[in-house]
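Please find the structures below.
The following pair of complexes shares a single chain, chain A, combined with chain B in the former and chain C in the latter.
Now for the complex of A and B:
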């Protein structure tokens, strides 16, 4: 009796695996292709039929990325811009999300969303002029400030959703216990919302890290961020696929590692919060 | 400890009136239960006393202080919620000491008070655990502990036992009552379960559609319900209601069933009445009103039966072991001294 059951289950699993593989194949294949490109010499990259695994591995592509560009500076710029923009977004967005969720101020949430949906280019020029007048061009501040347009709405929207699902009684209990609104937020709502904060932090970080448009307009040679630096590897004479792919992988790596690390955090946080009655 | 005085309290949500001017006086140290069906406004009233809900009109006083418009944190009350509302990121000890910590009390004093409350509730061994590591009953006790540590003027309970299983509910009922007798703090307890109200409260307030139907001691409500609603709500199983009129000194239903009456009610003749009798006030008799059993449920200690007597359904609760089965004809006797008569039109007791 048990034998056919097991076979059935195994078949189910194989089927599920196959479907999952098909669904994620575009992502995986594109990633594998990028790795392959970054490890091949230019001659192999242009070959037909394409070579997936080269005979000679071209580590020099990675060396070239760091040699020919001030890649470490751009990396540091990216860290500063994304880091500051994300942290500022948490400082502004988490309390804002709490306030909007508790006061049911959906309209202000929509206004924030509109700011996010407006095409960046439409406000980049006036902002560029503004930063010029304020003598901020040439520093990282214009990019940090404008990245808030990306990060704040993400944090606010995720936190609204999170605070709306946390039981209101906890906050009521705290206010009966003698807490002021600020204490209720800081001592009760905030610790409970930790998983939500982690999720919004990561998403804000990814969007800000990968942002290209703001950087290309506002950054100069010294204040360039990584996505802009990768773009600048395309020269007019030729496209060097190897170094380009290597640079792109280097840019992706920190975000990839962070997501992999934080995924565990998110799951752990969610299960910790899933207790009846708090 | 303090008195609680509620004067003409009203609550509107927009144009919808939820509470229509309620007056309740609660003495110092009294245990008052607010009961009523879902949507009667009992939880809203409690939340207004707690300061979690704005008051539309009227005044609430705790002791000599008018608190109607004070924030919850300034009312010196403690509340136990239906879902316990324990802070999930704090240990039991931190949960219980949270209010004192907010008051910036001395850590040693907090520890002493938490230990004392834990002693009262048998929580000493659980102080380092988190709420998620506790059972329902233990969480309930921690919620009570959090209230005790505060040493507030008034305890508020919002259906605190409804998430527990039947057996635990009976046990916790006893524990809350014991705690009240020991500490003596004025307590307001909201429940939809009239058995809880009957067993625990010194005074019961029966609410219905935002109005008070009756206020009184549990037995007073049981013995002399002032209207049909209270009569039907208090008591389990519920009172039998039979429509009819008084004719020739007896109560006669439309279908011709004749029921006994106490002395001196004949004056109420000539109008439509409701005859109320509790199932437990009906006895089996050798000669009496005859009915056919349409439902028989035995629990060992008692037998609950529904009889069809000339088309009228009468529920009976027999304490003795009768050999009654579905379809049997049973003879019953009603004690005329324990019946209740209500005006059908107004619903009021005669």
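Now for the complex of A and C:
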């Protein structure tokens, strides 16, 4: 009786593996094709039927992206904008998450939910005007500031959820021993909350890095971030597929690497945020 | 809780006990910086948008107060109504398809099989990829002559399609990309729901001789329904606001065939610099999103309620 059951189960597992492979095939196809496009010369990219693995690999596409399109500058801009906006969000968002959780003012998080519902463009119009009047256009500051619209809600949202689950007994004990609220936060709450901080850091980083809409309005030639730079390659130059795909890969590679290495945190953060988001 | 008992006036006679009472934690300083930032970058834009929406103002020209004229203009703007229709189709498809495939994927990844963690990791990747980069590569794949998609279709005997270059095919094509990118999020949410499903009902159903479909329909679906609803809410809000993919791939074209409200809004404000009219559009768009969320939340609340009543 047991033997046929086991074979049945093995068959099931192989069947599931097969179904899973079918399901991820669009993902594989996309990324393989992206890599393939980025490593082919124009002749191979224009071939029909399409060539997947070329005879001559065009590493020069990558060189071209950096040489002809100022990509090093745009990469650095992206690092500065995303880095600053994310760090600022942590500095103000983590204490806020703590405060809101302890004040039991979770309802105030409704603001954050509504912010998430608001189309990015309706933040963009007023802030664009404000940046024009204050003469900040031309620096990276407008983008850093507006990226806070993305990063702060993520951090606050995740940290509220996290501080709600951390035990309050230790904090109470510390404050009875005479610790100030700041000391309680700094020495008791913060160390326990480290995993939550990591999750919110990673998610804020990714969503800020990927942001496109703020950049197309606020960035000029010198202050472009990578997503905007890639888009501009498409619109303003004779479209040659190899360098274009190489550029697309360069933009998204840091995020994909992060996704691979921090998958557990990302999944935890997204599902927690998502479930709470309802 | 502790501070309440410490605040007890009887205790204040002894100095030692009153000390913690004075130090009753004040959490407001922790919230203030975020409150300031949120006011500056989130609340101020809301109010400013409202104010601008009752003004006629093209950038570089003087501003005049015109009351609700922008809103009246919007009501008569055929292009706006068309964009509303495009938004509706785009959103409905971009909710339904990821919901279907995401639930399917969650059911598969909830079971045990070799390489599950690794394959799930690959499956999640589209969601994190930079939308503009994704859009660029899809644009190349959609190319009518040289694109790999038409080649793949030709392998199974389907003729070449025009994808995003065709008025009627453009929205479904964009939805294909949106579905490709956001199915993983639905999968993750539903997977969270499946993880919380208890084992016992299935065992008794098996004893009663229920088929796999019956178990799915009468046990799994009701139990993961709240999570499906969350997925619907999140997906609706994100899909209705979708910008990056549409803008990077078609800019609303060909013609205005894929111009959603968000794209029209962008064009009005930043291509024509019609700030007043754009702001009115932003307000209406925002109200539409709020109304949609409200309806969905009501549906969810009602579903939970009747669920409770049955028990």
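The rule is short, and it goes like this: the second predicted complex is superposed on the first by the 227 of 278 C-alpha atoms of A that agree within 3 Å, B and C clash if a C-alpha of one lies under 4 Å from a C-alpha of the other, contacts with A are read in each partner's own complex, and residues count from 1 in each chain.
In this text, a residue touches a chain if its C-beta (ideal position, glycine included) is under 8 Å from a C-beta of that chain, and two chains touch if they have at least 3 such contacts.
Being a predicted model, the structure only gives us computed values, none of them experimental.
Engineer: Tell me the contact category for A:249 with respect to chain B and chain C: first, second, both or neither.
Structural biologist: second
Engineer: Determine, under the contact definition given at the top, whether A:193 touches first (chain B), second (chain C), both, or neither.
Structural biologist: Neither: A:193 stays clear of chain B and chain C.
Engineer: Return first, second, both or neither, reflecting whether A:172 touches chain B, chain C, both chains, or no partner chain.
Structural biologist: After superposition on chain A, A:172 lies in contact with both partners, chain B and chain C.
Engineer: Between chain B and chain C, which one contacts more residues of chain A in the superposed model?
Structural biologist: Of chain B and chain C, C contacts more residues of chain A.
Engineer: Determine, under the contact definition given at the top, whether A:259 touches first (chain B), second (chain C), both, or neither.
Structural biologist: A:259 sits against chain C, while chain B stays out of touch.
Engineer: Under the stated touch criterion, which partner chain does A:180 make contact with: chain B (first), chain C (second), both, or neither?
Structural biologist: Touch status of A:180: both partners.
Engineer: Now for A:118: first (chain B), second (chain C), both, or neither, which partner does it touch?
Structural biologist: A:118: touches chain C, not chain B.
Engineer: Taking the superposition as given, does A:205 touch the first partner, chain B, the second, chain C, both, or neither?
Structural biologist: neither
Engineer: First (chain B), second (chain C), both or neither: which does A:28 touch?
Structural biologist: Second partner only.
Engineer: For chain A, give the residues common to its interface with chain B and its interface with chain C.
Structural biologist: Dual-contact residues (chain A): 172, 175-176, 178, 180, 275, 277-278.
Engineer: Looking at the complex, which residues from chain B come into contact with chain A?
Structural biologist: These residues of chain B touch chain A: 50-52, 71-73, 75, 77-79, 81-89, 98-99, 102-103, 131-132, 139, 146, 150, 163.
Engineer: Inside the complex, what are the residues of chain A that reach chain C?
Structural biologist: Per the stated touch rule, the residues are 12-14, 16-17, 19-21, 23-24, 26-31, 33-34, 37, 45-46, 48-50, 91-93, 95-96, 98-100, 102-103, 105, 111-112, 114-129, 145-146, 148-149, 152, 156, 172, 175-176, 178, 180-182, 184-185, 206, 209-210, 212-213, 216-217, 226-228, 230-231, 234, 241, 244-245, 247-249, 251-252, 255-256, 258-260, 263, 266-267, 270-271, 274-275, 277-278.
Engineer: Contact residues on chain C for chain A in the complex?
Structural biologist: Touching chain A: residues 2, 19-20, 23, 25-31, 33-35, 37-38, 41-46, 48-49, 52, 101, 104-105, 108-109, 111-116, 119, 121-126, 128-134, 136-141, 145-146, 148, 151, 180, 185, 188-189, 191-192, 226-227, 229-231, 233-234, 237, 241, 243-244, 247-248, 262, 265-266, 269-270, 275, 278-279, 282-283, 285-286, 289-290, 293, 297, 300 of chain C.
Engineer: Quick check: in the complex, which residue numbers of chain A touch chain B?
Structural biologist: Within the complex, chain A contacts chain B at residues 167, 169-170, 172-180, 183, 187-188, 191-192, 272-273, 275-278.
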